[in-house]
């Protein structure tokens, strides 16, 4: 493995497939959303991506084994709609500039081979979130952009950078004549953020007229609130402790004087 | 895209073309100057440069789309003079040593193909600026160097490094038997500096007998003065605040004692 | 040498060889264990691995010469058992992500050529050690994993990363249809740790029914205890000194006040 | 220039040539020594080495031109002795691990082509210097090592690393069946150190029975002593100033109290 490779596991006929990408990134928004879709749609494993630009470690699995970091392509045969969906998620993004471009290009090679005409990349952008997280849409195709806005996405300020695979796929898809849309949900970004992932899926559903049960995601949101609550408690106690120690110190200084 | 590529958009006959390069760098001097020339001369887009050594993000555009970082070659058909001008600017420089060499070599491949005999690279060097910014000239061709000095450029101390594309093009052009001159305007460098960009263009005009209306640049200079003024106000208030807090602290210590 | 190379010194027939890898890492556990096996089993030098991804220096040797950093393959002809052992250790691991993958793949090329069916990688993981250091086992083969647990290894939590050559060999071996097991001994990791190396060898012995005299390792453990003791003495004296200086300082402040 | 290249300027017959390498490094010992030999022996320029692994800038020259960083091979036709000398020095070492290996291998390609049988690399190692700087010798050839010791070099402790081109040439020369010796002079290393360079040349003279007038180097040594003296004066005044400010501060605190 001198270069990024994609190993196909099954060879199935695909119906106008759409590729949805969600690699780990800010608030894990893209990967939470994509992994939820994989689970909820009972998508079938299609192919695995390995890269010498991923971090050089393996991960222990539940059975005492271990595996390289990887990307995974899943297939959702969409029986009722017009498009099958290929769902791509993974453990990590490439760790170097050149690796980022190589991985994005290998993904596009695979997309071309599978006759993908539309790519959707999912991710997060840092913002203070009030109530329901907003979702920004960016697209290389004006019609697709309009559909995203109708599905309640908002537009982004010109000049905003979109970093990593979610951005590069958009930029590089043009050279393959593949349309692409990027959906970025706002997130504080310092914890995995299923709430923003839900907002992103809702826009995705609106654009492509897909119907996915999001109850499971609500449970994740509840769990993440609890974690956040506990972390905030710890932080409050830490601040109190520091303040108390400071008063003790001041009294000591006063005493010495 | 495993390597830096240049995609040509039009194929036009060029008259003894001169290549002017101004990528982002210190004070954005080179890119401000080149972009101004492109706008003022209504230059026509000629080719686009993409590189896997540019930062791995895309930029959102005004229409909700996005694009890779890139270099852009523009053509100014110089109806009255002897030379057409190819103007090259871009979003970024390559991010690795090897990438810097690769991008500079691809630019020179393109220059050779277009039968460019002279290259001018524009940029800034850090200095305290009094009144009108000085412009340093460095050239691989003594006659060109003399013309730069006559156009009021000054010479640079031996041993001075010229970093990045502006420097490498100079160093690598020799192997292609292309003459090159580098014009560097002095700049404090911590803000985009249209004033220094103007000085650089004035030397360029003097060398090549080109006449460009610089009024538009004067407006940019006024705007940048305002920005600088506001930033200095903020800084002054910050300093005052810090000084006040220090006095309060000193009084507190005195009291404790 | 543009790429990692393995130079073979002798060409001998091997009996169902097993490859044991122990490169330098946390607490030097893997390299101490493997080097002890080489010495104790009087293993014969088989091949040398050189890589342009190792640090760019040479090491002075005892005779006034110098040599590149390298990996070394040794052969233990196991007269009584079923498997010969190839022991691989070295001076350093590759210094870049891509180098790590390249070195691991060259090692596997060599293993395939030598018809290795099983690879054991040795290393350490950071933990507070109480009494006898525990050894974690991870394996791509469930039967091998069971044998490791019977030999008193314990299992590791899912999601734990195994970094470097010890991990990558495990992850990449699958593509060559080679079984692999990784044995990681717990170590504080801030000093070479022969005690943990001993624990790791004991598990290795249990799995493969090999019998190696570990007395020599006990001597190394004694020496390392002495070094640790001396370092702790130095640390205690340092802390005392700092405390004393602080008291002096406090008295000075009190006086001034 | 995708890779390191050596451009030959003249093609002359060489008599059993010896290659002396002195790139910039600790205390600039290697480059000062080699450059002095070039000047003193009036050596003729033989070839130039360029590399995309050198820093990506050019250097302004005395005539207003500029050039890439480079290595330079010079030839000293040794009329009276058995060996011609190729002297190699340069502006910089390669900036990446892989670049270091590539540059060293290109130098060895050139050495092989020129039928070089012996390479001498020069450099410095960090040490407190008393009186005359000592010179350490390391060699891949025992006879050469003995000759170095007779020429008053000393041996180095086993395990000492020799970093960079001076070390890699030694390590890689073995694969080309070229003998190599490395001479490292002790130096404090924080300033260019012509005194240590002189010690290194003296050992070199002793080994190869060459006679070079070192008076010019004595002048450089005098100049560097003056610079050092001035720097020490500045340091002393700085320390005095800091001490005075501290007393003022203490008095202020006392007063406040």
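As written, the chains take the letters A, B, C and D, and residue 1 is the first residue of each chain.
Convention: contacts are C-beta pairs under 8 Å (C-beta built on N, C-alpha and C of every residue); 3 or more make two chains touch, one makes a residue touch a chain.
Computed from a predicted structure; not experimentally measured.
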Most widely separated chain from chain A, with each centre as the mean of CA atoms: D
Chain copies touching (chain C, chain D) - same or different residues, decided at half shared: different
Cα-superposition angle relating the copies chain D and chain B, to nearest 5°: 90
Chain C and chain D: spacing of chain centres that average the CA atoms, whole Å: 36
Distance from the mean Cα position of chain C to that of chain B, given in whole angstrom: 52
For chain A, residues contacting two or more additional chains: 257
Residue numbers on chain B that touch chain A, as the complex places them: 1-2, 52-68, 95-96, 99, 256-257
Residues of chain D touching chain C in the complex: 97-98, 100-102, 105, 137-140, 142, 145, 155-164, 167-168, 170-172, 174-175, 182, 250, 253-254, 257
